[in-house]
Each structure stands twice: as structure tokens, then as C-alpha cells.
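What follows are several structures.
Okay, so subunit A shows up in both of these, paired with subunit B first and subunit C after.
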Partner chain A sequence: MKSLFFRDLKLAIRAGGGFGLGLAFFLILVVLVPFGVGPQSELLSRIAPGILWVGALLACLLSLDRMFALDHEDGSLDLLATSALPMEGACAAKALAHWVTTGLPLTLAAPVLAILLNMPPDGFLWIFISLAVGTPAMSVIGGFGAALTVGIKRGGLLLSLLVLPLYVPTLIFGAEVARRGAEGLQTTTPLLMLAGITLAVSAVLPFVSAMVLKVNLR
Partner chain B sequence: MASLWEYANPLKFMRLTDRVLPWVSVGAAACLAVGLIWGFFFTPDDFRQGSTVKIIYIHVPAALMAINAWFMMLVASLIWLIRRHHVSALAAKAAAPVGVVMTLIALITGAIWGQPMWGTWWEFDPRLTSFLVLFLFYLGYMALWSAIEDADTAADLTAVLCMVGSVFAVLSRYAVNFWNQGLHQGASLSLDKEENVADVFYQPLLVSIAGFVLLFLALVLLRTRTEIRLRRASALMAREKLQ
Partner chain C sequence: MLDVKDLSVARGGVPVLEGLSFSVPAGQALILRGPNGSGKTTLLRTIAGLQPALSGQVEAEADSIAYAAHSDGVKGNLTVTENLRFWADVFGTKGIEHALQQFDLESLFDRPAHALSAGQKRRLGLARLVVTGRKNWILDEPTVSLDTASVQMFADTVRGHLAEGGSAVIATHIDLGLDGTNFDVTPYKATQKKLVGFDEGFL
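Right after this comes the complex of A and B.
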């Protein structure tokens, strides 16, 4: 499981694309929004938590279809299925690797980009915390979507259609934590709900993804 | 009394539905005609809402069926996953387009009613938002069915998606409550309340709900029969190719 995790990490970093792509997309999106809505700093600081969350979500989505599709094409997924490692473990390891290569850099970059959007300084910590707690859920849910669409050629668009409604609760609670944090309000309830979602999907969805992958490899 | 599982046999299912379908269709047409005509022409205007109140005869039953169609798909998917009855998988597939149309009807009639009453076509209100999310779930479910060629794989994957989707749909319903309690009024009908909407509106509403239930049943039966025939036709064609 550990070796699979490091293999995925190395592939994402060395083979290009996966690692930097999400981060670059996030940066571009955040830079573009002020051009779209105009430079009023009050407006920007009010919508900053939402922009950062939506940007992180879309950046996550960008690299999801690589999670299983490449391994499916070159046959290593079949090898994984026949190896001693249970499929559930493989799904969890792959979701974790996806988080480390996309969710974690996004989380680290978000406070920096928050300056660009004129977010109040109190919010930096909260956008960091909310993304750190919420992005693992996005990787795990995305892993389920990627497992569903692994057998479909050019399944990227379908993958987004399937995964986006599943992201709704995470997005609502995550953006709520960041917004309340930036406005200096209580964040406990949405933060607990967000953590609950992350823990629940990490506990359950790898099993479902493994089941779906087995169907796809049949 | 024969077991319900007997109708997992496509032949028996076809024979039963062949007899039942005309009755259900006629019942749906009759109930809809009575409910809607009664509701539209023979009930008084509401003293504040005027004649726009009459959209309730379409909006409420459609919204009810939009949710229940998904619930029916969930049950059918579970039966498919547990007992591997093909008719059940096909019934779930057949119900999705009907459900999505019901969702759309509820959203559109709601917007038409909301414009004069709330002064807005759309509001990110918890009920409205969760219906939008439900609509997206239907679209994803149907897209997944049509994207996968192998029928059994498609049935398995969509069944799992239906189950996971149900959990997330419920979760979204509670998540959107976070914003505010919303504009949408509470339930128009419930069994444990003394008084629902006023009696003049209540009786035709019940009739049109019955009409929508029967309509849904008729459409799902019809579409399931079509799916079974499609399956037969493709099996026949596959056999011909082999020879």
C-alpha cells in the first residue's frame, strides 16, 4: 500500500501534468476573477472564501480522471486487482496520493492567494483549515467518480457531471467555515460537519470504489 | 397468492403488465382530468394569491413524484444488486427519465408561481436548491446508463451511483438549510396535521396526486416493457450474427 502510494506520487511529479496542473489552474482562476467582477476590494474580500473554495474544487476535478484511467489503459490496474493488496487499500492509497498532489498544494497556496483577493487577515487561518479538512473528502469522492468512469473512453465530462452534485455538501460547509472565519464569526458547527463528511467518506467510499472497480474489471 | 418475485421473470412481467397497463393508463387519464379540471375551474381563487394558487395542482404532485421516483429507483437498484433481477434494473433505468421530467416540471411551475408571488423566478432557497441538486443527480444517472455499453456493468454501476447519490442528496438537503430557512412554505400536505390546505383546494389536489402517481406508474411500466423488448431484440440480433 505504501509502495503504491509512493509510486503514484512519483508518477504525478515526474510524468508531468498532474502535479502542477491543478495548482496552475487554481492560480489562473483566482487571478482571473478580479478581472471578471471588477477591482472593488470590498466586493472581492466578501466573495474571496467562495472563490477560493470553488477554485480548489475545480482544480481537484481537473486531475481526477488520471487517478485510475492511466493504470487501466496500461494494464497495471489488472495487476493491482490480482495482487495481495485488497482493492479497498489500493483505492484508499490512490485517493491519498491524489490529495497529496492536488489538495495539499492547494491548501498551502490558498492563504497566499487570499491576499490577492483582499481577504481579511483573520480569514487566512480559516481558509487554510477549511481546505485542509475538506480537500481529502474531495479526493475520496473523486476517486469514487473516477472508479465509476474508468472503462469509458473520454469519460472526463461524464466524471464531472457525476462528481459535481456529490461535492455540494462539502462545498457548502467548507465555504461556510471560510466565510464565517473571515467575518470573525463562530465556525465550530460547519467545521464539525465538514470534518464529519471527510471522515465518513474516507471510511466508506474506498469500499464502494473498490466494488465499482471490480465490476469494471469484470 | 403468487410471490412478488415471480414477476422477476420477464415473461410473467410482460404478461401481467400487458393486462394492467391499460387500466393504469385509463385511471391516470381519468384522475388527471378530474383533478385538474376540478382544480382549475371549480375552485375559488385564493384571497391573496388570486388564480395563481391553482398551479398547486401540478406543482405539488410533480414535486412529490420527483422524489418518489428517485426512491423507487433506489429500491429497484437494491433489488438488482441483491437478487440480480434484470427486470428490476430495467425498471430503475426506465424511471429515471420520468423522474427528471417531474423534477423539471416542479422547478418550472415553481418559478412561474414564484415570479408574481415572491417577485423572483429563482432563489437559492433550501428546497429549491435541493431540487436543483436532485435534477443534476438524475442527469448524471442517465448519462452513466447511456455511456456504458455492457448492460450488466451499466446496471451495477448505476445502482451503486443511485445508492451513493441518495446519501449525498439527503446530505445536501440538510447542508443548504445552513444558509437560511428559506422562502418556500412548509409541507402543503402531511398526515399528522389536523388541517392542511383549505378543504376546497385539498380534495382536487388529492385527486391530481393520484393522477400523477398513476401516470408515473403507467409511464414506468410502458418504458420497462420497451426496455425488455429492446433487450430481446438485441439478443436476437446477436444470435443471428453468430449463425
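Right after this comes the complex of A and C.
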């Protein structure tokens, strides 16, 4: 599992691996929003948590389809399936690698980008915490979607359609944590809900993904 | 040691081969023969456990099967060594030098795999078999895009593997010069029947 995780990291960082793609998209999106909304700093600071969360979510989607599709194309997935490594472990390792190359950079960049959206300084910490707790769920759920669409050519759009509705609870509670944090309110309840969702999907979905993959490999 | 008993295999829900029984003892190779589309790949995938059998069973020791098919599972962005070392880690074995040497890949060790020729890539894919340390090799047309010298290299490797008590099931169209039984799958062609299992048919 460790070797698969490090291999995926290495592949993501090397040329054409897609590392930084999500981050660049996130950056562009957040930079563009103020142009679209206009110079109303009051309004911007109010919508900042929502924009950051939606942006992070879309940026996450960008690199999902390569999670299993590339390994399927070059045959590694078949070989992994016949190896000693349990598929469940492989799915978990791949989701983790996806999070480290996508969710983690987004989380680290978000407080900086929050400045561009005129977020109140109190919110910086909370946007960071909410993304740190919420983005792992996006990688795990995305891994499930990627496993479902693995054999399909150009399955990216289908993947987005399948995965986006599943992101809704994470988005609601994540943005709520950030909004409440920015307004100086209590964040405990939505944060616990967010953490609960992340833990639940991380516990269950790798097993489901593995089952789906085995069916798709037939 | 590999035992196949009364096995029927299907591709996409349609039975392809039925009533297959054979046994591959340690130190022996079984060469699968049959024209294109006769179901060799489906049979090998079933033996490797990648797809379920319609009926019958495949008996092999747990974790004893190494599978190699048309695609080599080689990552273009990783070097030859990194590719092999990854598979060695996955299979929990040590030392890839032996495999590099057997397939004459030593001089290419730090070459990114995307810069390899088709034949070199294939050699790298076959070298993976050596690092798996598994006993039963299930090979689907392993000699595609190999030149004569490389085919010889591959045949020597398989011979060495058999001499160490391993076994192999190889689907191939050429003569590898291995001592093993030939097994023609043509007589086992499944008779056309109505579709039985319709699940996943709509996907």
C-alpha cells in the first residue's frame, strides 16, 4: 500500500501528472470571481466561504478521472488485482494519494486566496480547518466515482455527474463551518458533522470501490 | 501446481469455452493454442481470478499466480528501475537486479519507460514476472513485439523458472522450444446458448 501511495505521488508530481492542475484552476476561479461580482467588498466577504468551497470542490473533480483510468489503460490495474495487495487497500492508498496531491494543496492555499475575496481575518483559520477536514471526503467519494467509471472511454463527464451530488453534504457543512467561523459564531456542530461524513465515507467507500472495480475488470 | 476442473468461462455474459480440465504440475509448462478469438485470453483471465468462472473451479495455492497480459502495466513517467522496484514492493520481494540482468535491461536502468521501444517495454513487463516471486505464471502472448534474441531470453527465463519448481500457462502462437504440453482450446468451444446471466448486461 505504501509503495502504491508513493508511486502515485511520484507520478502526479512528474510531468503531465496533473499535480498543480487543480490548484491552478482554484487560483484562477477565485481570482475571477471578484471581477464578476464587481467591487462590492461587503458582498464579496459574505460569499467568500461559499466560493472557496465550491472552487475547491470543482478543482478536486479535475484530477479524479485519472485515479484509476490511467492504471486501467496501461494494464497496471489488472496486475494490481492479481497481486497480494488487497483492492480495498489499493483504493484507500489511491484516494490518499489523490488527497495529498489535490486536497492538501487546496487547503493550504485557501487562506491566502481568502484575502482576495475580502474574507474577515477570523475566517482564515476556519476555511483552513473546514477544508482540511472536508477534502479527504471528496477524494474518497471521488475514488468511488472513478472506480465506477473506470472502463468507460471519456468517462469524465459521467464521473462528475455521479460524484457531484454525493459532494453536497460535505459542501453544505464545510461552507457552514467557514461561514460561521468568518462571522465569529460557534462552529462545533457543523464541524462535527463534516468530520463525521469524512470518517464515515473513508471507512466504507474503499470497500465499495474495490467491489465495483472487481466488477469493472471482468 | 495448478488444477483446472471442468471449467467454463464467459466473456461479456456469453459462454466461450466449456468443460476444460487440465493440470499443470510443478516444473511444467502448458502451452495454450487456438486461433484468434477462441477464448484463450478469457480463460487466462479466469485462471488469474480477474473474472469469475461460469462453472467449474481453478485450484492453485493462495497468492501463487502472476499474470501478464497484452499491456505491461509500465508507467511511462517512471524509470525502468522505479517500475520494477514498485512491483517488487507490491509483491513484497527484494532485489530487482536479477530480473534486470535476465532481460538485458541493465544498460537502460535509468531510462524513463516512455523512451523505451515496444520490445524493450515488453521485456520490462516480463521482467516484472521475475520480481513477483510467484510460482504460477499465467502469460497471454508474452512474445508480442519481441525480436528473436529476446524471445530466446524469455524462453530461457521460463525454463529457469520451471527448473526452480514453478509452472506456467502460456498462450502463444510461436514455438518457444519449451518442454511442456500443448493444449488446444478449439474442441472446448462453447455451444451457442441463450444468455443466462443478464445482470450488468445493460451497462
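The criterion applied here is as follows: the second predicted complex is superposed on the first by the 216 of 218 C-alpha atoms of A that agree within 3 Å, B and C clash if a C-alpha of one lies under 4 Å from a C-alpha of the other, contacts with A are read in each partner's own complex, and residues count from 1 in each chain.
To be clear about the criterion, a residue touches a chain if its C-beta (ideal position, glycine included) is under 8 Å from a C-beta of that chain, and two chains touch if they have at least 3 such contacts.
All figures in this text were calculated on a predicted structure; none of them were measured in a lab.
Q: Using the superposition on chain A described above, determine whether A:11 touches subunit B (first), subunit C (second), both, or neither.
A: After superposing on A, A:11 lies in contact with subunit C but is clear of subunit B.
Q: For A:58, using the defined touch cut-off, is the partner it touches subunit B, subunit C, both, or neither? Pick first, second, both or neither.
A: neither
Q: With both complexes superposed on chain A, which partner does A:81 reach: first (subunit B), second (subunit C), both or neither?
A: In the superposition, A:81 touches subunit C alone.
Q: Kindly classify A:116 by the partners it touches after superposition: subunit B alone (first), subunit C alone (second), both, or neither?
A: A:116 sits against neither subunit B nor subunit C.
Q: First (subunit B), second (subunit C), both or neither: which does A:161 touch?
A: A:161: touches subunit B, not subunit C.
Q: Touch test for A:23: subunit B only (first), subunit C only (second), both, or neither?
A: neither
Q: Look at A:218 in the shared chain and tell me whether it touches subunit B only, subunit C only, both, or neither; answer first, second, both or neither.
A: A:218: touches subunit B and subunit C.
Q: Please identify the positions on subunit A that touch both subunit B and subunit C, taking each partner from its own complex.
A: 215, 218
Q: Could you pull out which subunit C residues touch subunit A in their complex?
A: 45, 48-52, 63, 65-78, 82, 86-87, 89-92, 128, 132, 200
Q: Provide the residue numbers of subunit A that touch subunit B in the complex, in ascending order.
A: 144, 148-149, 151-152, 155, 158, 161-162, 164-166, 168-169, 172-173, 176, 190, 193, 197, 205, 208, 211-212, 215-216, 218
Q: Using the touch definition up top, name the residues of subunit A that touch subunit C in the complex.
A: Those in contact with subunit C are residues 2-4, 7, 10-11, 14-17, 71, 73-76, 78-85, 215, 217-218.
Q: Quick check: in the complex, which residue numbers of subunit B touch subunit A?
A: Residues of subunit B touching subunit A: 133, 136-137, 139-140, 143-144, 147-148, 153, 156-157, 160-161, 164-165, 168-169, 171-172, 175-176, 178.
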